[in-house]
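To keep things simple, chains are lettered A, B, C and D as they appear, and every chain counts its residues starting from 1.
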Amino acid sequence: MAQPHEPAAPEAATATPTSAAGTRPTALGTAPAGPPLRIGMVGYAFMGAAHSQGWRTVGHVFDLPRTPHLTAICGRDATAVRAAAERHGWAHAETDWRALIARDDIDLVDICTPGDSHAEIAVAALDAGKHVLCEKPLANSVAEAEAMTRAAERARAHDRIAMVGFNYRRVPATALAHRMIAEGRLGTLRHVRVTYLQDWLTDPDFPLTWRLRREHAGSGSLGDLGAHIVDLAQYLAGEPLAGVSALTETFVRHRPLPGTPTTGLNASRTLHTVDRGQVTVDDAALFTGRFTSGALASFEATRYATGRKNALRIELNGEHGSLAFDLERLNELWFHDGTEPADRAGFRRILVTEPDHPYLDAWWPPGHALGYEHTFVHQARDLVLAVAEGRTPEPSFADGLQVQRVLAAVEESAAKNSVYTPIAV
Amino acid sequence: MAQPHEPAAPEAATATPTSAAGTRPTALGTAPAGPPLRIGMVGYAFMGAAHSQGWRTVGHVFDLPRTPHLTAICGRDATAVRAAAERHGWAHAETDWRALIARDDIDLVDICTPGDSHAEIAVAALDAGKHVLCEKPLANSVAEAEAMTRAAERARAHDRIAMVGFNYRRVPATALAHRMIAEGRLGTLRHVRVTYLQDWLTDPDFPLTWRLRREHAGSGSLGDLGAHIVDLAQYLAGEPLAGVSALTETFVRHRPLPGTPTTGLNASRTLHTVDRGQVTVDDAALFTGRFTSGALASFEATRYATGRKNALRIELNGEHGSLAFDLERLNELWFHDGTEPADRAGFRRILVTEPDHPYLDAWWPPGHALGYEHTFVHQARDLVLAVAEGRTPEPSFADGLQVQRVLAAVEESAAKNSVYTPIAV
Amino acid sequence: MAQPHEPAAPEAATATPTSAAGTRPTALGTAPAGPPLRIGMVGYAFMGAAHSQGWRTVGHVFDLPRTPHLTAICGRDATAVRAAAERHGWAHAETDWRALIARDDIDLVDICTPGDSHAEIAVAALDAGKHVLCEKPLANSVAEAEAMTRAAERARAHDRIAMVGFNYRRVPATALAHRMIAEGRLGTLRHVRVTYLQDWLTDPDFPLTWRLRREHAGSGSLGDLGAHIVDLAQYLAGEPLAGVSALTETFVRHRPLPGTPTTGLNASRTLHTVDRGQVTVDDAALFTGRFTSGALASFEATRYATGRKNALRIELNGEHGSLAFDLERLNELWFHDGTEPADRAGFRRILVTEPDHPYLDAWWPPGHALGYEHTFVHQARDLVLAVAEGRTPEPSFADGLQVQRVLAAVEESAAKNSVYTPIAV
Amino acid sequence: MAQPHEPAAPEAATATPTSAAGTRPTALGTAPAGPPLRIGMVGYAFMGAAHSQGWRTVGHVFDLPRTPHLTAICGRDATAVRAAAERHGWAHAETDWRALIARDDIDLVDICTPGDSHAEIAVAALDAGKHVLCEKPLANSVAEAEAMTRAAERARAHDRIAMVGFNYRRVPATALAHRMIAEGRLGTLRHVRVTYLQDWLTDPDFPLTWRLRREHAGSGSLGDLGAHIVDLAQYLAGEPLAGVSALTETFVRHRPLPGTPTTGLNASRTLHTVDRGQVTVDDAALFTGRFTSGALASFEATRYATGRKNALRIELNGEHGSLAFDLERLNELWFHDGTEPADRAGFRRILVTEPDHPYLDAWWPPGHALGYEHTFVHQARDLVLAVAEGRTPEPSFADGLQVQRVLAAVEESAAKNSVYTPIAV
C-alpha cells in the first residue's frame, strides 16, 4: 500500500444483498444495474484468453450500464473448449459457431478465430441480430471486408453494432496521443513513422504454423503486425493513407512441418531429411506512403528483428510538436512541445497513469503501471457503452475495411516493383 | 493478435459441464479440482480493490490446487461495504471483523486495513484457525509485530499459515533478480541503493489524511514506502541489515483538515484562516546501513520528489555483476555481467516477459507487458500453493517483524542524532 | 580528477629540447618524429571549423608518423579568410583555391566547400599531386563523382590518396559496430533501418539559404543527411545496396529570401508581402531498399522532425544478434546477443569508452565521454596513417561514388512513382 | 556536414597577416588581441593532458581578451616531462616547480599534481604573484585548505586570482541546471540526491596505486569522487551543507604492490605469495545531510559499482520542479516542470546543445554532442575572463575549503559511529 488516492467507495447500491449462490456481482456500480450483456465468444487461444480477461474484469472496474456475462464459448474440439470454458470462466461451451449464434441467450458475438473465418461468422452473427466484436485483421481480403461492412450497415438499421478489435487504440498512452493530436498540439502533420518489430521467426527451424500459411492467415507480418500499425497510424493522424510503395520479403522459405522432430540424437542428419513445408506469407513488409494531407509515413512490420519482442513504435512529427510511443513501455507517452523556448524544450516522458488520462480514473494511483491485457478491458468498456448508447463504436467495420484496402495496396505495390499504389476508396 | 506462442489449451477437465447458474468455473485446471479456499477480506479501499482483483483473476490464469472463493468482505460502513462487495465480486458483506472471523465458511482472512488494526485482527484470525494474509507494514510497532509473529508460530502448529503482503517481491523482474542473485551472478555484494520516491505531498495544501497521523499510520513515508524497500532490499540481498543511521524530516508541519475548503473566491484570505492540523509523521526518511555481510546500503523514502510518481528503484552491485530495477518500468530488469570482456559489457535491459521468467508461463507472449496489479495475482497464487502444500510462505510474519525492527532502528537513530543503530535480533 | 587509468607517459623522446619559439611540438610521440604533413584547407564555415579542430588536436593525442601542419586556409573573401586563419590556427590565407593547390608547401588539400565545387577542386588537386580529403557528399552528381574517382585512380599511380569525409564512420561506437559485425556477431543480416532526423526547417519562415537551392546543394536532406546514412548503412552492413524505392517531398515550397525581414510591427501583413524564393530541393526523403545479400533496408532523412536535433539512428538485425546506435547519444552502442538464453538476453548499453574500443586508447579513462568533433580527430588520424603507409584509405572516392549512385537512384525512383530502381554498378 | 547554423565568420581582424613562422594564431577574435596569458603547469598525467587540451583549444573557439600560451610544463622526471611537453604542446619543460614559479614569463600556475602537494605549490605561486588554478580536491586537509584560502586572500589584494578545478560545474547541462535553479524554477528545495559511481576497484587484484594510500591521496573515493559531488550539490542548491552523517568502508584491505606479477604460468600459486600492501583510504563513502535551508541530501561515492563507469548522477527536487543529470550522458538535462497540468507533465530530456545554452554559442549546431574534455575548455575560458576582468572566479579557494570541511565532517562522523556532524564554518 503506497498511495493516498484511494478510490472513493462506489455509491451505495440499492442494497439487494449479494447472492450467496455465486461470487459474481448481480449488480454493479450505480443502481439500478442495467440488464446483462450476454457474450458468446468463438475461439479460445491467445486472443480468447485475452478477451476473456477483459470481459471478466471490466464490470469490476468501470461503472457500466450493462453487465457483461460470459455466457458461452465456442471451439471445434469439444474437450478442449470445455476446458477453456472452465479456465476462462464461461458458463457454456459450444462446438459449432452456428449453434452459438442460434442461441437466444447471446447478445454479442466476439470473434477470436484466425482471419479466414471472420467474414462468414461475422456476417452470420450480424444477420442473426447479434452485436459483433471481431478481432483484427477484419478479414483476409478486401472482398470479405466489404461484405462484412455491408452486413454491419444492414445490422445498424436494426440497432446492432459491429466493432473491430484494434486494441492498441485502447492503450491509455495512445488514447492520450489521440486526444492531444485532436486538440491540435502537433499542428500540421509532417511525418509518421511506425514499426512493429518482433523476432520469433529468427530461428530458421521455428515450425510452419498456421500463421505462415496464406490460406489461413491471409498474409504474414503484414496482416498480423502491419494491420495494427496501419490502423494506429490512421487513428492518430486523424486521416487515411492515400497511397503506398512497398517491399515484402520471405527470408526463410521452407520450415519444418509442425510435429516434425528437428533435434535429437541424429539432429545433424535429420536436418537434411526433415519434412519441411513452404512458407506462403511474407516475413517482413516495409512500406512508405502519403496521408491525404501530404504528410509522409513509413512502416515496417517484421518477425525477424532479433531482440525486439513487441516493439510497436510510432512517432508523429507536426509543425508544433511531436509524440512518440513504444508498446514495450506502454505506460509512457513522449511529447515534445515545439512551442516552448529552445533552451527548455525536450521530449518529456508522460507517465500515463494520472486520473485525467484516458481510462485511468478507474484504475490505480499515479505511477502504478497497467499492462497489455488492460487494452482488452478498455475495449470491452467502450463496446458495452456503445451498445448501451446505441451508437457505432470505433474502430468500425468500415475502419477495418480501410485498413484492409491499405494492406491490399501494399501487396499490389510489392508485386508491381514497389510502384506507388493509391488506396482504393 | 500478434504472436505465435498461443498458450496450449489446458488439459481436458473431467468434463462436468460448467454450471449454467454462474459464470465462474466450478473447477479449474487439472481435474479433479481441489477444494475451494474461501477468503474473507477486511478493508475495501485501494488495497481491497487490488487484492480483490488478485483473488478474482488468479484461478483463471494459474493452475491451482485450490480455488479461491471471494466469500465475504468486511467494513464498518454497511452501505459502503455492500457496494464494495458488488463492485469487487464478493458474495457476502460483514460490518464487524470479529463476525467475519467467526464465520465457518472462511478459510483465510486477508487484512487490508490501516496498520493500527493489523495486530488485533491478525492474532484473532490466526487463533481462530484461519490462514492470514496481512498487508504491509506488518504492524505499527515492533511489539505488535512480535505478538503477531508469536501468533503465527502458534498457528503453524495447527497447520495455519501467515504471510505479509510485500507484493513487490512478486514483480516478475524482482523475482528474476532474486533468482539471479541466488545463483551467484553478482558474487560478493558491495552496494545496495534503494529509493522509493513519490510526490503527492509536494502541494502544501494537500489535506491531512489518516496517512499523515501517527496514531493510524504508525509512521509516514517510512512505514509506507520505507517498509517496501527495506523488505525488497533484504529479500534480494539474501541477508538482513545489521544496523542503520537515519535522518527523517517533516517538511510541512501543518495541513488543512480534510473537508476544509482551501480554494474559492476568497482563497488567498482563506489560507490564513483555514483549519489546519498537525502532521505527526515523517515526510521523508533517509538512511544508510550495513548488511550483515558488510555490504553497504542506502535508502530514501519520500513523498516530495516532484515528478517521481512511484519510483521504487533498487540497484545491487556485486563483485561479478550488478542488477537494477525501477517500478515505473516494472517489466524490465537491467543486468550487468561483470565477467564479460570490457569491450562488450554493458547494462542490458531484460524484458521480463519470457516464458522462463518467474510467473510468466501463465501470461502472454514475450513482449506483452504486465502491470502493477499482477503482483497481487502472483501473491494470491503463491499463497494458495503454500496453503495447499502446508508450508510457511514468504514473506512470513517473521520477515515482517524483521522489517519492523529496521524501521524502529531508523526512528531510534533519527531521534539520536543519526547515530548508527544496530538492528535488534 | 576521478580515475586511476592515467595514460602512461609517452616514451622518452630523443630529447631535443622543445623550441622556445613556438608552442607547438616540433616532434610528437616516438622519436624520431616523421616529416610534417602540410595541409591546405578550402572553406572555413562549419566544416572548416570542425576539420581545423581535428587537424590541430590529432598530433597531441595520437602517435603519428607524420605531423599535420595547418599551413594554409582558402576562401574567397580576403578579410574573412584571414580572420578564419587567425581563429582556427592556420599559418597562411589564400583567396583562390588554384593558388592554394599551386603552393609547393602543401601536401594535402582538405575540401570543405559546398558540393558544387567539390569535383573541380578535387580533380585539380589530385592532378597537381596533392592528397585529398573531400567533405561529403562527394559531389552533386554521379558524373562528377565518376570524374573524381577516375582522378583518384590516376593519382593512386603516383602514390597520392583520396578520401571522402564520411566522419560518422569514426564515432567509436559505429567503428565498434563495424568490428562486431565483421566478426560475425550478427550472423546473416535481415534488416537495416536508419533515420537521420533534424528539425531546423520546421519553421516555415526559416530563410532560403544555399542549402535549399539545388544549384548549390545538389539536393536537400537527401544529399546532406541521406548521404551520411547511406554510407553508414553500407559500411556497417559490409555490402552495397542493390536497389531502392523512394518518396521525396518539399513541404514548404517558398521561403523568405535571406535578409528579408519577416517579423516586426506589421509582421502579419509582412507575411503576405515578404520576398520569398522557391525551395528547389527536397525537405525529406524516405526510401526502402535491398542489400545485395537480400537484407531489407529503410531510410528516412528529414529536416522536419520537430524535437529531433541530430537523430542519426541505425539498427541492424541479424540472425544471431542486433546492434543499435543513436548519434544523439554517441558514446553508446546497444547490442543484443541473440545466442544468449532468452531469460537473460536483452539489449545492452555498451559505453564505448574502454581502452579496447576503437580510438579510445588515446583518450580518457572509461566513462569519460567523447563528442561530435572527435570524429574529425579520428578522421585526421586515419588519413595521416594512410598517407604514411601509402594505402588507399576508407571511405575512398569509389565509396563516395557508390553513395552518389544510391542517391541518384533515390531521385530517379522518386521521379518515377517510387518504382524499385536498381543501383547502377 | 549536416546543419545550417554555420557559425558566422569572426569579425574582420585588423589583418596583420598570420605569421608564417608558426601555426598558432598571433591574434584571436576581436582585434586588437589582448596580451598573452602565459601558463605554467605542474603535473602531466591524466589531469595534465586534460588541462593541456583545454588551454590549447580555448582560444580557437571562444573570443578571449587574453590569449593563453602553453609556456612551460613541470615534472620531476626530466625525460618524461620533456616528452609530455612535446606531446601536449608546451614550449618549455621544468623539473622543479619552484623553478617554474620563479620564471618571469609565467602569469598563471596550473596545479595538476596529487593532493599532497597542492598547498605548498599553490601558496608559493600565489605569494610569488601568479594566478593559480588548482585541481580538486583543494587539499588533503582542512588546515592546508585554510592556508591556501588565506594565500588567495593575500593575493587578491595584489590582483592575483585563484580558482579550484571543479570542472563538473562547466558541463553545459550542469551550468544550465544552475541557471534554472537560480531563476527559481524548482521553488523551495526538498531533496538533493547524488551518486558518483565507478567500478575500477571491483577486481581485488587491482594494484595498490598512490590513490589508495592516504599519505598521497588524503582519502579514497571520498576525496576523489565525493569532493566533486559535494561541490556540485552545493553549487546547484545554491547553499552550503549544514551537517552530515556518514559511513565509509574499505572492502579490500590488502592489494598487490604495483609491479608485482599477479598472473602468469604460476598465477594460482603466485596469488598466495604476492607482495601485498595495505589500502589506507576508503573504498566507498555514503553520507546523508541537511542543507542550511532544511533540504535533505544523500551522497554516495564508490569505486565498486560494477558496470558504472562514471555515473555522477544528481537529482534535485523542489516544490515546483525537479532536475536530473547523469555524467554518462552529459549532453542531457532532465527537467520536470511541476507547474504544468498533471496530464501533460513529465521529465523532459533537454538536449543541451542549443545556442542559448551555457557555452554553446561557440560550438557546433544543435544536436552535436560535446564531451568530457570540453569542461576543461570552458574552465580555461572562465578563468581567462576572470583574469582579464580582475574578479575572483568561482569556484574560489573558499569554495574549495568549504568542500574540504564537508569531507572532514564526513570522516569525523564515520569515525564517530555516524553521528550527525555539523559542518564547521
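Brief remarks follow.
Here is the rule we go by: contacts are C-beta pairs under 8 Å (C-beta built on N, C-alpha and C of every residue); 3 or more make two chains touch, one makes a residue touch a chain.
Just so it is clear, the structure is predicted and the values come from calculations on it, not from any experiment.
In summary, the chains found to touch both chain A and chain B are C, D.
Interface comparison, B-D against A-D: more C-beta pairs in contact at B-D. Residue numbering at the chain B/chain C interface overlaps substantially, since over half of the positions present are found in both copies. The mean-CA centres of chain C and chain D are about 32 angstrom from one another, to the nearest whole unit. In this assembly, the C-alpha centroid of chain A lies 54 Å from the C-alpha centroid of chain D.
Rounded to whole angstrom units, the spacing between the C-alpha centres of chain B and chain D is 43.
Shared interface positions of chain C, i.e. residues touching 2 or more other chains, are given as 308, 336, 345-347, 351, 366.
If you check the complex, the residues on chain D that touch chain A are 176, 180, 335-336, 341-351, 354-357, 366. Residue ranges of chain B in contact with chain A, taken from their complex: 1-7, 9-13, 15, 17-29, 44-47, 49-50, 52-53, 56-57, 60-61, 69-71, 77, 79-80, 82-93, 112, 135-136, 196, 198, 200, 206, 209, 211, 224-225, 228, 308-311, 327-331, 351, 353, 364-374. In the complex of the two chains, the chain B residues touching chain D come out as 186, 190-191, 193, 195, 197, 199, 202, 204, 245-247, 249, 251, 284, 286-290, 294, 296, 298, 300, 302, 304-308, 315, 317-322, 336, 338, 345-347, 413, 417-420.
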